[in-house]
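Labels for the chains are A, B, C and D, by order of writing; each one numbers its residues from 1.
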């Protein structure tokens, strides 16, 4: 891929943006190295790391056995010793095998050691459903990880964020979990001309609106933008707020949107009970209760293990149609039921 | 001395003050020449509130003998423009 | 038998591929499972195999072309019956017996829980934002009550109501409704309470002179009105003369612990309300004026709480400068006394032995004969007169 | 372990094993085409080249024994005796599938056949197998549990925990490691410091030996001996079946990690060629037998495809059923 000059706007896929981010990180800092299942010879389960082994060699692009607990723990150890490892867990589904290392070591060491040790580790994971991979391969557990103090959790939903969030994560002294929704890899988009970095502290309004705010992130962002267009045709002006960071949550921007629109719908691929959507709902009630004209609504995945057949999976997942329906109920004063 | 206040601006600011102290009056159908007292049961407290509002808005004091000057909208406008041209307030 | 060879889908998220190389040319034969072409995908180069033993009839796509899954790439002739009867590949919508029902038609999988359990019928469903806006705009609960059964009241509804309220002041029907309410109360009071009436003319000169000096020395915002002096005088008199400050309930007089003076405020288009100035006997004129000014503003904005009317222990009513000289009021039950004042009028009057023009005020008392009588009543009126004669002591 | 002498090679035994392997081969070849036509979606992992492991091991099991597999499970399921119609319907996601269409290729279940499904998480099946075997032990049945997994699982923590516990509690458990030399895109020598898997199993105190996974007779004999050892109460057995897969890890695999020559070398000693060459040398079969068996297998697969095409999808209203058990159902 030719070196994009600053002026010309470059079109690339989310996958290419993520790959370019890795390449630049590896070029920029000798301490950076990549570890994960099939990241080298196989070129990455989702082909994000294809070509990196040939460019940077086996010492910095390290294929690992299928030993998630082991190599995530190894990433933590290397980070503590001053390196800047990027660990790829093929998908969030396999991260459950490394949950103990992530929670009891990565997230906890700094606090537990009285601040002596910090864990500048980045863990990348594919996440989300929609490809009929059935129950064990379709989880969306970002909300779980966003529950854990000591971790930062980010979800790039655009090409810009896929390109530049990694650098911001690497610059952070604390462990950052970076979730890439599997539906986004093939998504093509424009890299904003001249953009050189992004932050991982703030949410971003992707579409301004007056009547309701659709609060979402990652793989559900494009669904909300589609819903917003359908709503616009029905005379409803929907704001779309891309959270970008799930921990810490950018309360200020969330409340600003709620105060302007008086109605909030949170779209989250997690299961509704104890989800990130539940947390955001609580914060809105705590901080912007008197600005609400309707109860906060949530569009989440049906509380079932994801089924393989497409029609069942589609019915279970959040969809633009369900978002539009939920917004219309809110505006019709669903409370009047 | 600031530029002489346009009559229209004085009038619109007075209407706004009237609407504030008597929200139950519709400023649109005020007859500028008729006594407010006759048009809207504008009692002594309303007149006092009107004077207080004008004094605060235009930063001038209004001696009690001048209250009758504020009895009708048109008269109040003229009174105010005279007071403003005479200096002080804006 | 002619068979179309289409680009197969090779992965869950593969939508297209670029043909890099044909491994067979027209006329070649190919065995089942043998590679017939190579395509470039996200994952790299992948062989495409034939599913039958066949001969290549023609090649449709040229190397370098990027094609989507299902695109016809070549035509093959399969010896005899194709091993697999050609099921129409899904390039077209699946021809399988039961096409998957479209999700949109899906019944809502997890019934969206009712947004909020609907509150008791008739209870006002006011959104938090609307509640705060109503407060800001001074909309009285009564005005909002009418919305109770009209579903959820939102910010826009509140703003619409406030605007409507501003535009029509007290709407005709609301005014008439209020008048009928006042009328029935008065009728009951007249019937049940044995009123007696006393009148007394008071020289208001000293009070007026004191007031003019007081106001001249103060900016507009801190000036007093004449009515307030009367209210304070009545409050002090009610505190000292027994039998005029309290309620008549269950057949006997209840003396009120504090003096809350109901002070008349004229309503646009007729009618009076008399919200109470609490502890009027103990507060200085400046505080009383501030509180009274606030009461008037809230009455004008139309959001008085009904409770505020009930607090009065005695009432002072007047027609102000525009009214007639003498007013004979009716007691507000369950109170036991009411003082009325007319317009201050310039009259000839013997003052310090000389006939001169004096500002005179007709003060009347209506009281409950079950509690007091004319002798006590006249002492009460004289106390008021003495207080007005020494305004600096109010 | 005093292994019984290998069973005699007869025409009947040979053709039976060949039929089973052909049924698997034809089923999966047809799946490749159906995947290309978008009829089958999601992930599809084929055991092409490893048929002898599936067929050979399943001969040694009784109906009451339990089987647990991985996402590369079509061969195991067919060899275990699951009917092809519901199997193909499951690939289509139809309601008449083995799991009502909900599992797809990676999650095939049959409670009656005690086939406890594929597991999409590498190594995820091993702890389950401990439980199935523990129940057999506690119920004093003579049942055995067969746990199939690949060489990739050897790197998972669950592998080490499970082998130790099986040995510690002397569970009636048969570990069947289908070592096809690649864990997805990583060759075993790039993943394991010690690649002799059966030797490592012995370190945990299990009876363990390695078998040529391409010779279905050898696999069957080894499996029968192992089952006899386990059913005789002498504790768990670990069989390393050395085999090779001729196709990618899953459908979308450019196989950058190995070269074509290696694949072709293994194809020359594939399970079908190995069996038919030996039977022909012994004069126990000829090409017409092969054509007949392959034709029958293809016909059975086509019938299954028609069954799947004609089956309906599960109604949306059923989406939330079975999130929790319905005890009164069988």
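As a working rule, a contact is a pair of C-beta atoms (placed from the backbone, for glycine too) under 8 Å apart; a residue touches a chain by one contact, two chains touch by 3 or more.
Remember, predicted model here, so these are calculated numbers, not experimental data.
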Chain occupying the middle, per Cα centroid: A
Pair of chains whose C-beta contact count is the highest in the structure: A-D
Computed distance of Cα centres, chain B from chain A, in Å: 61
Centroid distance [mean C-alpha coordinates] between chain D and chain A, Å: 37
Distance between chain centroids, defined by C-alpha means - chain A, chain C (Å): 40
Between chain B and chain D, centroid-to-centroid distance (C-alpha), Å: 95
Residues of chain A whose C-beta touches two or more other chains: 43, 131-133, 302-304, 309-311, 315-316
Residue numbers of chain D (touch at least two other chains): 41-43, 254, 256, 313, 316, 319-320
Residues of chain C engaged with two or more neighbouring chains: 12-13, 43-44, 100-101, 103, 106, 109-110
Set of all touching chain pairs, with the criterion as stated earlier: A-C, A-D, B-C, C-D
Residue ranges of chain D touching chain C (in the complex, touch as defined): 29-30, 32-39, 41-43, 92, 250-256, 298, 302, 305, 308-313, 315-317, 319-320
Of chain D, residues touching chain A in the complex: 41-43, 93-94, 101-104, 106-107, 119-124, 152-153, 155-157, 183-186, 190-192, 254, 256-257, 313-314, 316, 319-320, 323
Sites on chain A touched by chain D in the complex: 37-38, 41-43, 45, 63-70, 93-94, 96-97, 131-137, 302-305, 307-312, 315-316
Of all residues in chain A, those that touch chain C in their complex: 15, 43, 46-47, 50, 131-133, 182-183, 185-186, 262, 272, 289-295, 297, 302-304, 309-311, 314-316, 319, 321-322, 325-326, 329-330, 333-337
Residue ranges of chain C in contact with chain D within the complex: 6-14, 32-33, 41, 43-46, 49, 51, 69-70, 83-85, 87, 89-91, 94, 96-98, 100-101, 103, 106-107, 109-110
